[in-house]
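Two complexes follow with subunit A in common, the first pairing it with subunit B and the second with subunit C.
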Partner chain A sequence: MRILSWVYLCLAYAFVFLPVVVLVVFSFQDGRLPVPPFHGFSLQWYEKILSDTGLMTALWHSALVAFISSALALVMGFLAAHALARVRLPGSVLLRGVLIAPMTVSYLIIALGLLTLFNQTGIKLSLWTAGIGHVVINLPLCFAMAYAAMGDHQKTAERAARDLGATEAQVLWLISAPMLAPALAAAFFLSVTFSWDEFIIAFLLTRFDVTLPVEIWSMLRSGLSPATNAVGSLVFLVSITAVVATEVFVLRRAK
Partner chain B sequence: MTASVSIQSVTQTYGAAIALNDVSLDIAAGEFVVLLGPSGCGKTTLLNLIGGFAEPVAGRILIGGRDMAGVGPAQRPTTTVFQDYALFPHMTLAQNVGFGLRMRGMGRDQRRAKAEEMLDLVGLPAKSDRRPHELSGGQRQRVALARALAVAPDVLLLDEPLGALDLKLRRAMQDELKAIQRRVGTTFVHVTHDQEEAMAIADRIVVMNAGKIADLGPPRQVYLHPQSLFSAAFMGEINQIPVQDGQSPFGPIAGATGTLLIRPEAIGLSGTLPLGPCRILDAAFFGTHLRAHVAPQAAPDLCLTVHLPPTSTITAGEVLTLAATDFVFLEA
Partner chain C sequence: MSLASQERTLARGLVAPAVLWTLAFFVVPFLAMLALSFAHMEGRKIVQGFDPGNYLRAFGDWSQLKALINSVEITLTVTVISVLLAWPLAAIIAWRVPQRFQRLALLLAVLPFWTSYVVRSYSWLLVLGKNGVINQALMGLGIVAEPLALASTRTATVIGFVHFFVMLLTLTIYANLVQLSPNYARAAQDLGAGRWATFAHVILPLTLPGVITGAFVTFVLCIGDYITPQILGGNTELTLPQLIMLQMGRSGNFPMASALSVILMAVVSLAYAGCSRWLRLDRV
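On to the complex of A and B.
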């Protein structure tokens, strides 16, 4: 029985990670096609993509959109969470529900809605519009994580700070945010990973400057190449880094 | 550094519930006042009103003669020591203690020096770079005290500051709190439900019940000569004997109809008010005294609690002639 459970464990992990492993392995393919057999180890595709200005620009765009939109979502989510946790408002429950609701809506619907809105208002599609889309999907996440982390412990500390002469802004910046730092960092890095490899919203809401997933998609239209694997591996590496960063912060909080 | 507090006809309500009902109280500058009462009596509400965490629905609060209406906690010359300490976990002790000074724009080095001085005052020298989680409960309470005193408030408000400490530590901290108050001279307003704590530290005790002041005065007066049945019973065990038209079971009492109050330790073998022969119902040894229940033959339905010297040897069923050395009569 013990062996069976180990087999099951290995199969489950294989099922999850085999595609990624294949992707990474064939990004080192010494040949023109990312399919078996494996001809030998080569870094030529990495060399190719790293010298591809279009790809590198898209990568830079993705990083910009991910960090700026996540920072924005975090600030807005934290402020909303703080307000709803501290101030008794009429319809708090409804407000909370509405804030979290975008989580349940598909990215396609959100993208279409924003696209219509931008067309109507005459706002030109750009990295900014894609960034707004990413704020829409990440704000509920940041709000929910910040709200869940707020407790009475912070509440009395905030009260004490106010009593000692702190202004509301000082309370937020010097007391509430640092006390919630682990949760806020986790929310930020999760948002970065979501924005980093998000495709549908970025595809529908960008035009001339595009993010990396959109650029990869246009690469794929001209057929399979180990170059796409190499880009994919880079994207994966960044996502993993962000997830590990999250894990480190969350684990540190648990201690 | 110190200021008087004047509470004038203050009423506070929470929805339909009346937390404070037309309360007036004058606290002198430099006085150590304890607000004492059971939970829900309004003592914490009163403290919050002085601290500016809430505004009264009616009445005025003056600190140092200045009307505090519309003045927030940050602008008031008060600071609070909270029951759960409310220390900032992400800051060192020096940063915690220096926080109020930082908010007042004091420079880093000065702040540090002042913080170390305050930590010294509360008995925590050479710990300024520790963080709150490295400390015990009693030490955290000291830091909270140092933090609140660092900004030199006119009035220090203490919200059951010793409530979370074990009994032994609480008794030790009481003495220290009193000593610190003497040294800094700040007006202390201290909330507690522990009457022994109140008697140990207060210049004046304010006994509160159901949103009103039930009694006030120095500990000795409140304990020995309570002004109300509530404060008599809250300050400690007391025998209540009904008196009808000046006639008590133990003879005439100067007064009309009311209650005769006698503390258990005020009853002994001799005294000014003879209780006559009493039958011992039961007795138990408490170390400092022998606690017995007795039924006086003059009123067999009464059951009096009596504290006799621990050396006395009595047994249930025995009859002793008892008398009270001290008693209070409260008119109904």
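On to the complex of A and C.
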């Protein structure tokens, strides 16, 4: 039984890592096709993609959209969570339901709905419209994470601050936000990774300026290429760095 | 104004941006799409109205209905296989791996989760393709003479999906397992239950909330995904999201695409209704 467990664990890891290892290994391929046999080690594909202005512009766009939309989602989500956790409004349950609802709907449907709206109102597609879509998908996440992190502990501290004459803005900025910092940071990082990697909304709601996943998508049209492997490996490296950073800074501090 | 009502006014002000954003960019767009799904096309022009024709076509026209059936079949297959593979993985990490390595083991098990979604499907193409790693290995070992047709099949789509969702489900099931007190199993065994009975009647039912939650998320994400079937499944058999994109792209038929999206959302709602009812029964 014990040996079986370890065998299963190894097989599971092999399955999980197989495509990633193949991706990274063949990004160093010294040849035109990212499949066996491996012809030798070369950095030519990395040189190629790093000097590809279209790709680098898309990367910049992705970062821009990810950070701005996540910041917006975080601020709105935090404010709403702060209010709903503290005061019982008539219709609180309904409001919470409305805020969480986008989580249970496919991105494709959210994208199509927004596309319909933008078409009918004559709003031109751009990075901004994709950003609006990304706020829609990340707002429920930020709200739920901030809401879950609020406890009685926070409420007591907030009340004390108010009794001592703090304005509502001061309570929010000096008491609630710092106390919830780990949860807020985690929500922000998670939103950034979701937005950074999101395809279908960005694909349907951008036109001339596109984000990285959309640019990668158009690279795929020309078939298998080690250049795509190189881009994928770089994206992987960036995400891993972000995840490890979150793990080390945010979660360790939370303990 | 009393303090309580002042507080309420303030709270309303703080909730307002988030709620207005969700109304403007989620609820209103959905209603616009719903209205559009009852419009029809005359040539390349969209004519608004109340015409259930798109829905009749979605269920009456075999080529359209087939996409819905494909999607449901693939999604159910993926969900079941992923749960069956992820449960033991989560259990091994929770019970067999030493405590201080558990976080690392979990982090490693879900590491590829963080590659780009588009690139992950593409990577499977490198593994499963005609000249891919598996075919070259099998041919090199002399097991098969001709390359197997693995890519551009439903199998490839399912493998690509399962890869992604095993990682997701391992996380949710693990979170559930570590919260279980070992006392449950001990109590069952004290009362005379064997190892199998303990597992089947105590441990497994206790992990069901995590499993159902994970399975529901899998269902929602899987049935709405366009990339994986498009890259790995090819165009041999279409899923619902592929059909939606096709209706929009090639024929510019937004009303039909809207109707299909509404149907997609209805299927997800059905799944939700099924899960939540089941969960409540479970708690009683």
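Going forward, the second predicted complex is superposed on the first by the 251 of 255 C-alpha atoms of A that agree within 3 Å, B and C clash if a C-alpha of one lies under 4 Å from a C-alpha of the other, contacts with A are read in each partner's own complex, and residues count from 1 in each chain.
Here, a residue touches a chain if its C-beta (ideal position, glycine included) is under 8 Å from a C-beta of that chain, and two chains touch if they have at least 3 such contacts.
This structure is a prediction, so every number in the text was calculated from the model and none was measured.
After superposition onto subunit A, the partners subunit B and subunit C occupy separate space and fit alongside each other.
When the two complexes are overlaid on their common chain A, residue A:Val98 makes contact with subunit C while staying clear of subunit B.
In the superposed model, A:Met179 lies in contact with subunit B only, and not with subunit C. Between subunit B and subunit C, C contacts the larger number of subunit A residues. With both structures placed on the common chain, the touch criterion links A:Trp60 to neither subunit B nor subunit C. Look at A:Phe38: by the touch rule set out above, it reaches neither subunit B nor subunit C.
In the superposition on chain A, contact of A:Ala161 is made with subunit B only, not with subunit C. For the three-chain arrangement built by superposition, the Cα-centre angle with subunit A at its corner and subunit B and subunit C at its ends equals 100°, in steps of 10. Minimum Cα separation between subunit B and subunit C in the superposed model: 6 Å.
When the two complexes are superposed on chain A, none of the residues of subunit A touches both subunit B and subunit C.
Within the complex formed with subunit B, the residues of subunit A that make contact are 153, 156-157, 159-167, 170, 174-175, 178-179, 181. Chain contact summary for the complex, subunit B toward subunit A: residues 51, 53, 72-75, 78-80, 82, 84, 86-90, 99-100, 103-104, 147-148, 151. For subunit A in complex with subunit C, the residues that touch the partner chain are 2, 5-6, 8-9, 12-13, 15-20, 22-23, 26, 33-37, 75-77, 79-80, 82-84, 86-87, 89, 95, 98-99, 101-102, 104-110, 112-114, 116-117, 119-120, 132-133, 135-136, 139, 143, 168, 193, 197, 199-200, 212-213, 216-217, 220, 224, 228-229, 231-232, 235-236, 239-240, 242-243, 247. Taken in their complex, subunit C has these residues touching subunit A: 7-8, 10-15, 17-19, 21-23, 25-30, 32-33, 36, 85, 88-89, 92-93, 96-97, 105, 107-112, 114-120, 122-127, 129, 131-133, 136-137, 163, 166-167, 220-221, 223-227, 231, 241, 244, 248, 254, 257-258, 261, 264-265, 268, 272.
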